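Next come the structures, one after another.
Shared between the two complexes below is subunit A, which has subunit B as its partner in the first and subunit C in the second.
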Partner chain A sequence: MAAKSKKEYDVIVIGGGATGAGTARDCALRGLKVLLVERKDFATGATGRNHGLLHSGARYAVTDQESAKECISENMILRRIARHCVEETDGLFITLPEDDLAYQSLFIDSCRKAGIRAEAIAPEEALRLEPSVNPALVGAVRVPDGAVDPFRLVSANVLDARLHGAEVLTYHEVENFVREADRIVGVVLRNTLSGELLEVRGRMTVNAAGIWGHLLAAKAGVEINMFPAKGALLVFGHRVNNMVINRCRKPADADILVPGDTISLIGTTSERIPFDEVDNNVVTPAEVDVLLREGAMLAPELATTRILRAYSGVRPLVAADNDPSGRNISRGIVCFDHAERDGLEGLVTITGGKLMTYRLMAEWVTNLVCRKLGVTVGCTTAEQPLPGSKSVPVSEGRKGRKEFVSLRAGAKGAVGRHGDMAEEIGIRSGKDAALVCECEQVSVAELRYAIEKLDATCLVDLRRRIRLGMGTCQGHLCALRASGVLSECGRTREQTLTDLASFVDERWRGVRPVAWGDSIVEAQFTQWFYDGVCGLGDIVKPNKAQEE
Partner chain B sequence: MKTKYEDKNISANNFEQCTKCTICTAYCPVVEVNPLYPGPKQAGPDGERYRLKEPMYYDMGLKYCLNCKRCEVACPSGVRIGDIIALAKAKNGPKIPKLRDVVLANTDFVGSVATVVAPVVNTTLRMGAVKKVMDVTLGVDHHRTMPAYASQKFTTWFRKEAAAKQREFERSVTYFHGCYANYNYPQLGKDLVKLLNAIGYGVNLMEGERCCGVAKIVNGLMKDATRDAKRNIGQMRRAVEMGDQIVTTSSTCTFTLRDEYEHVLGLDNSDVRDSISLATRFIYRLVESGQVRLAFREDFRMRAAYHSACHIEKLGWSIYSTTLLKMIPGMELIMLPSQCCGIAGTYGFKKENYKYSQAIGRPLFDHIEKLGVEIVTTECETCKWQIEMSTSAKVMNPISILAEAIDVEKTRELNK
Partner chain C sequence: MKYDVIIAGGGLAGLMCGIALQREGRRVAIISSGKSALHFSSGSLELWNGAGGSLEKIAEEKPTHPYAIVGTEHLERYSNLTKDIFAAAGVTLTGDYGCNHLRLSPIGAMRPAWLTVNGFYTVTNEDELPKGKVVVVGIEGFLDFYPEYVADGLRLKGVECEVAAVTLPALEVLRESATEMRGVNISRALRGDVVEQLAERVNAVSAGAELVLLPAVFGLGDEDALERVAARVSCQVKVVPTASASVVGVKMQRQLTEYFTLLGGTFLPGDKVKSYRVEQGLIAGVCTHNHGDVEFRADSFVLATGSFFGRGLVANPDGVYEPIFGADVDYDADRAEWCSKSILDTQPFQRYGVKVDSHLRVSIESTTIDNLYAAGAVVGGADAVKEGCGAGVVVSTALMVAEEILGRTLCETNVK
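Our next item is the complex of A and B:
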C-alpha cells in the first residue's frame, strides 16, 4: 500500500455528519488530537436530508418517553449553544375532524411526563397564531418545536473543532482499516478527487458514518445490523407557515410541516430500502403524492404553492443485538465499544439517534473514547456556545433591529447564516457586496469566506455552507456567477466546467420528481439559458446521460 | 401519475411565478442610475421570500422604486412586481411618514386650500428663498417649482359655466377629472368638455370626487388612500348604474382606479373597472366603430413628439391617443422611445431622489432637444412638469391638442 505519510492522532472520527462533527468538537474541546474524515462533504448523509426540525420531543412522547426526554433536553441546549442555527418558532399538534380528539389528552399527559411544555389551545387561537393551518382543525396543542439548520450546525461544530486543533479531511473515503492483531490502529484513506492514498494512525477510531457505518464496520470485520429506512420530503418555494405544524395522532407519513429559512418542508415517508440503494435513492411519484396529499391536510395552501424540489435521506436504524431479524428496531442512540462487544480494540461506533441528539451522542462516544485513553476531562459542549452563537445577534433589541434593517441584502443574509461569525466576512468593496445568489442573498465576500474558512471546495459544497442555489431558481444564475468566483480562487477551466455540470445535474435531480407547473417552466428556462445563451449545453449532456 | 394537485401546482402566489429571468431589472429605469436600489427582481419576488421569513429583511432601498410598473410590462410571467414592492413598502417600510410626504400625498386637500389663495401661493412657491426653506425643512428639492395652482377650480367653472348646457345632450359620460385638472390646470377639463360636447356627449361629474389616491399609496398612507378609493368606487358605481362610462384625462388616475384599487388596496372594483377609460380611448372606440366622426380645422398645423408615460405603457393604451392625433391632417407626430422621464409623481420632488430623477430622464430630455420639437404630448401631468422643467418643449395632453384642432361646428354637423 502506497501510503504517503503516517500522521498520528489520538482519535480519528469517520463521518462528517452532525454526529461526527459533534464528536470531533467534543474530543478537541477535551484536548485530544483529532482528525475528522468525511468521504464527501459535511452533512451529505442523513444530517442534511431531513426536516431540520428542532424536535421538542412531543412527537415521541406517547411511544418513546426516553427519546422524548432526550429531545427536549437537547432542544433547550441547542437554543443556547447554537442560536444562529435555530429558529424558535414553536409548534402545533393539530387534530383534524378525522383524527381522534381523545388522543390529545394522552398526548399532553405524555409530553408533560417527559418535561415538554404542552398546552391545549382553541382552534381559533391556533389559526390566529398560524394562519396557514387547516381551518378545519378541531384541536391544537402548542409545544416548543422549532427549526434547526443542519448544515449550519455541522459547519459550526467543524469550525469549533478546528479552532481547538482538530484537523479535517473532506472527500477522503476509508479504503481500509490498519489492523495490528486485535486492534485497529489507523485507517487508509483514499482522496476521492485525486485517487491518492493516505495512511493515518489513531489511538482510537470512531465510526460515526451513519447508515454507511454498517459497511464501515464490515471492513473492520465486525457486524452492526442496520436497516436503511428512506424518508422523502418536499421543499416549497417560500415560508408557508411560521410555526411547525404536526398531526396530533400516532406518528405517520408526511405529518410534519417545518418552516426553515426561506422555505417550508413537508415530510416524511418511511420505507425500508436495500443497501445498494443507499447512495442512489430517488423520490418516487407515489411518495410525492402522499407528501402533497397529507401536506395539504396540515396547510391547505400547500396545494397551490410552488414546489421547489424533492429529496430523500436514509435513516440509520439499528436492530437490537439480541434481535438479528430487525423486528425490534430502535430509534434511540446506539454506542458500541467493539472491544467489549467483538473483542476488537481501538474502534467504537456511535449510531442510531437523530439530528436532535447529535450532541448527546457525541458526548457519549467521547466519554467512551476518553475512558479508553485515560483522559478525565469532562464534557463542556452543553455549555460552550458554538462559533456564530457566542454573542447576542446584531438583530436583537430595538437598536439592533434598526441597524439590521439598514444593512444591504448580502450582509443581512450573512448575519442570518453565520451569526456573530459574519464579522469575519468583511465586505470591503462594491464587488464584495455584489450578490452571487440573489434568491438567497449570498454576496461575493460570503462565497470567498465559505471557500477559505469553511472547507467548501465546489458548488455543491457552497450550497450546503451558504444556501447557494437553494432558492427559487435552483441555481441557474448563481451557479454561473459562483463558478466565476471559484475560478478566481484557483480552479482550472476543466474543474470549473465539471463542477458546474454536476451542480446543475444535482439540482435537476431534485426538481425532476416535481417537474410540472411552475417548476418545469423554471427548469426549461434554465436549460434554454445554459444551452442557448451560454453555449454550455454540451458540458451538461454527458452527465445527464449517466443519470439516465 | 396525474392527481388533482397537478393542475393546482401552478402557484397561487404570484411572486412564485418569477423564473428569475431578470428582464424586469433590465427594464428598470432606477437600477441604471441608482446603485442603492436593489432592482425590481430583488426588491420584489426575491425580497418577498425573505420578508415572509422575517420582516427585518426589508431593504431600505425599496424607497427608490418609482412605481412606474415598467417591470410588470416587461415580465413574461405576469408577476405583479410593482405591486409586490408597493405592498412591501406599506407593510414593512418605515411606519411614520414624513411631513413632506403627507403634504405631497394629499394633493386634493392641499389643492383645495391652495386654489383659494392661488396668486399668493404660486408667487411664494416660486421664490428662491421659499424653495430653499422647503428644501431644508421639508426635503422638497429646491430645483423644483411646485406646480402652480389655478385661481378657479375646474369644478367651480363647470358648475357656473357648463353644467346647465350638458343636459341638452342625449348621451353622456362621467368625467373623473382628478386633482391636476381640478386644481392646477382646469383648461384640460374645459378642453375635454369642448371635445365631448362636439361629438354629442354631455359631461357629468361625480358627486364629491376624491383624489384617486396614487400619491397616498406611494407615500404609504394606505388608510387614507383606502378611504378615498372606497368613496370613488361608490360614486363610479352610481355613474355606471346610470349608464355612463367614466372617462379620464390622466393616465395615472386611470391606472390607479382600474388596477391599484384591486392589486394594492385589495378593494373590489370589478363591477366598474371595465367602464373606466382614458378619454382618448373612449373617443377612439367611437370613431373606429363609426358611431362618431371627427372634423378638424384646415388651418391647424403642429409638429409634436409623443411620450408614453409609464402608466400608459402599463395600460397599453398609447395607441388610442396616437391614432387619434394622427387623424389630424396638419399633425406631424413623432414617437419618442418609450422610457421613464424620472419624475414619477411625487418621487422627483423629494430631495433624496432629485438627482436620480434627472438622471433617469436625461436620455429622454436629450432626445427631445435633438428633435427640436416645440410640443411634447403625453397623458401624464407629472411627466409634463418634468419635461417642461428639463427641456425647452411645451407639454400638452392629447385631449388639449384634439380640442385645439377640432372644428366644432363641422363635427357637430357630422354627428347630428
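Our next item is the complex of A and C:
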C-alpha cells in the first residue's frame, strides 16, 4: 500500500464506545499521545443501544456482589464528573402480587452488603413518589438508580481527550494489524467513506471494540471467546415515569423502565445471536410483545402510551478462558494482556463490563498500558470533571433560575445537552437561534457547533450529538432543515440527499417494528412527504440509503 | 337534525363530495375533525404517475384499485369537474386529464403532476426549462425552503441558476421567537406594503434573470400577494413548494370550505362522529362529540375520513380498523407484513383501507350497508405515493359517491 506518512502514537485505541472514549481520555490525561479510531460514529454499538440506566448496582446485588460494588462506586463518581450527562432520579424495586415478597429482605441485605443505600418503603409512599407505578404493588425499595445519557457521556470523553492532545478518526475501520515478529506495532485503517487506506504506528494498541473485539482479536491472530447477546428495548413517546422502576426479583426480561430526557425506555430482552447478525439485528414482533406486556406490569400507563421506536444492541459477553462452551459467562470486566496470555506484544483487550463501569474499565486498561510503557502517572478520571460538568450550569442556579428561564428555546435545550460547554455555542443572531428540530429544541447554532467541535459528519451523527430527530416526529420535520444547514458546509447535493435518505431510513428502522397508532400516522406522512412531495426516491435509490 | 347527506370528514374528499351534492340542491352536513391532508399539499394534484402500470389496464391488473371501481372512462369527466369546482371556489388549476406536466419539488426534483395551482412553477416537459438565468430566492432564516437544493436540481438539467436570500423588517419580527419562522407565519406577514418591499428586494437580487423562483408562502396575509409581487418584479415569478405546513394547502382548504358554506352546506369544524344508529340495516343517524345527544339524521352517509394520517384508519398491534363504523378493512393479518425495509420502498400499509362494493358502499361485518359510502383515502387498494394517485383517487371517488347518491351523472354543464 502507498501509505503516506506513518504517524506514530503511544497508544491507538480502537472503538468509539464509552470504553474506548474513556480509555482515550484516561491515556491523554496521563500524557500519552493517543489516536482514537472508530469504524462508524461514536456510540454506535452497545454504548448507544441500552437503557441509559445509571445503575446503583442493586440489580446485581443478589447475584453478583462484585458487579454491584463496581456499579455503586462508579455511580457516585459519574454524579460528580459527568453531572450534565446524569439525572439523579433514584429508582424503585417493586414487588407485585405474583412476586415473592420474601425476596425483598434478601435484596435489601445484599444491597447494603455492597454499600448500596436501599430502604424499604410502603406501597402508598412508592405511589406518591412515582404516580405511574403499578398500583397493585405490595412492596417497594428505594435505591440510588438514575439515568445517564450515553451519547453525551461519550461526546464529553472524546472532547476531553482531544483537549488533552488526542487525535480522533471516525469512519475508519481496522483493515489489518501491522506486525513485527511477535509484536503489534500499528494498524492499517480504511476510511469507510472514501475507501482510502492509512497506516498508523502505535507502541500499544487497545482493543476496545465491544462485541466486534472478537473479530478484531482474530485479525491479530488471538482468540477471545465472546458471545453476542442481543437486547431489545422500546422508546415511549413521552416521559411516563420520573424514577427508574425495576422488579424486585431475580433479573429477567423487560423489567427495567428508565426515564431519559423527554421519553421513557423499557428493556431488555436477552437472546444469543450468531456473529453474522451482529451488524444487522432487528427487533422482532415477539420481542416487542414481551416488552409491552412486561412494561405494563411496571407502569400500566405504558399499555396506552405511544411507542416511538424499538431498537436493539449487542452485549459483549465473554466466556471465561477455561470455559469455551460459554456456559459460565461473566458480565464483569475482562482485561487481557495478549503478551501474557498469547505471547503477542503490543496489544491489550478491554471488554465485558457495562456502560456503568466504562471509566473503571478505562482505568484498568490504561494502568496496563502505562505499566507496559513504563509510565507512572496515576489515574485522575475519578476526580476530574468532564467538559460540560466543570461548573454548575445556568439551569442549576449559578447565575440564577431567572436567567435560564429567559433563554431562547434552543439555548435551553443546549444547556441540557452540553452543560457548561453550552456557552461555546454562542447564539449571536436571530438566524442562529432558528430552531431546526422543534421536538428537541435544537438551534442552527448548536447544529454548527456539533459539526465543528464534536466530529459530527452527517445527520445520523447529529442525532447522537444533539438529539436531532429523536423526538415525537422522529426526524420528519427536522431532517430536511438540518440537511439544508449541513449542505452549507461544502457537500454536494448528492451527498446531502443521500445523507438525508439514510437519516430518514435510520429513523424508520426503529419505527418499523412498532408501526401502529401514531407511529404509522407519522410514517405515512414521512413517506408521502419525502418520497411523494420531494421525490427523494427518484434521486436516492432505497438500497443506497440502507447502507449505513 | 335532518339532512339529505352527512359526510364524516372535511378534507378534500368530504368537501368535493359535499360541494357536488350541495350544488345539486341536496342538504349536506360535513363533520370535520380538522385534520386535513390538504394542509400539507404540494400545490399539485396527482392522478397517475405511470409507475403502477397502465391506467387503461387497471381493471384487469388491479381489480380492487379504486380506479377500477370508479371506471377509468369517467376520469376525464371527474377531472374537468374538479377544475370547475376549484375554479368556483376561487382556485385556478392548470393542467389537463391525459397529460401530466412536471412540477418542481422542494429538493429540486421534477415530479409528474396532473393539476397544479396557478403560480407554481411547472413545465410540460424538460425541453421547456428556461434557457436564460433562473434566480431561486429564499427568505433568510426560513429553514423549510432551501434554495440551493432547488437550484442544484435545475443545474443538473442544464439550467443556469443562482441563489439569493432576502429579508425584511416585517419578517425579522418573526425571529423573536425561534419557532415563528415558518411558512404560514411568513405568509400572514406578507400583507400591505410589505409585499411591495419584498418585490423590491427580489428585484435587487434578480437582475438579468428570466425567471425568479420563490418559496410558496403567499396568500394568507393578502389574497393576491403573489400576483402583486409578480407585477413588480421585472421577470417571470413562480413559486416552489416548501416543507412543513403548506400555505397553499391551508388556503385551498379554506377556500373549498367557504365555497361549500356559501352553497348552503353545514360545516361542523372540530367535531367527530362518536356513535351511530342502525335502523333496518341502514344508518339512520349519528351523534358527535360536540353535540351530545343531538342526532344528525340523513338518507345517506359518506365516510371521507382519510387514511391513517386523517385518522380514518387506526392501527394497533392486533390489526387495522375503521374507528367510526367499524367498517370492514382490507389489510394483512400478519403485522410483520405491514411495512417494508426502506421508507422509500413500497409500503404495504399505504394500500390499506375500507372494503367497498361496485357502488363504493362499505360493509360492516361483511354486510353491505346500502346508504353508507366511502370516498377518498379511506378507500383501500391504492398506493397514493408510489402510484402517484392520491388526489385523483380522492376526487374521483368523492364525485362518484355524489353521483351514486344523486342516482345520475354530474354534468359539467350544471356548473354554476
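Note that the second predicted complex is superposed on the first by the 536 of 548 C-alpha atoms of A that agree within 3 Å, B and C clash if a C-alpha of one lies under 4 Å from a C-alpha of the other, contacts with A are read in each partner's own complex, and residues count from 1 in each chain.
Note that contacts are C-beta pairs under 8 Å (C-beta built on N, C-alpha and C of every residue); 3 or more make two chains touch, one makes a residue touch a chain.
All values reported here derive from a predicted model rather than from experimental measurement.
Touch criterion met: A:C473 reaches subunit B, while subunit C stays clear of it.
After overlaying the two complexes on the shared chain, residue contacts for A:R306 are found with subunit B alone; subunit C is out of touch. Within the superposed three-chain model, A:D531 lies in touch with subunit C and out of touch with subunit B [touch as defined at top]. Touch criterion met: A:V405 reaches subunit B, while subunit C stays clear of it. Contacts of A:T262 after superposition on the shared chain: subunit B is touched, whereas subunit C is not.
Look at A:P285: by the touch rule set out above, it reaches both subunit B and subunit C. In the overlay built on the shared chain, the residue A:A501 is in contact with subunit C alone; subunit B does not reach it.
Ranked by how many residues of subunit A each touches, subunit B and subunit C are led by C. Of the two partner chains, subunit C is the only one that A:S443 touches; subunit B does not reach it.
The residues of subunit A shared by its contacts with subunit B and with subunit C are 285, 289, 292, 408-409, 430, 435, 438, 477, 516-517, 521, 525.
By the touch rule above, subunit A contacts subunit B in their complex via residues 237-239, 259, 261-262, 285-286, 289, 292-293, 296, 301, 303-307, 395, 401, 404-406, 408-409, 412, 416, 430, 435, 438-439, 441, 471-473, 476-477, 514, 516-519, 521-522, 525.
By the touch criterion stated above, subunit B contacts subunit A in their complex at residues 1, 3, 5-6, 8-13, 15-22, 35, 38, 41-42, 45-50, 52-54, 56-61, 77. Residue ranges on subunit C touching subunit A, taken from their complex, read 37, 40, 42, 46, 105-111, 140-141, 143-144, 146, 148-149, 152-153, 156, 172, 175-179, 181, 241, 243-244, 307-309, 311, 314-317, 335-336, 338-339, 341-345, 347, 349-350, 384-386, 388, 390. Residues of subunit A that touch subunit C in their complex: 285, 288-289, 292, 408-410, 430-431, 433-436, 438, 443-444, 477, 480-481, 483-485, 487-488, 493, 497, 500-501, 504-505, 507-508, 512, 515-517, 520-521, 523-543, 545-546.
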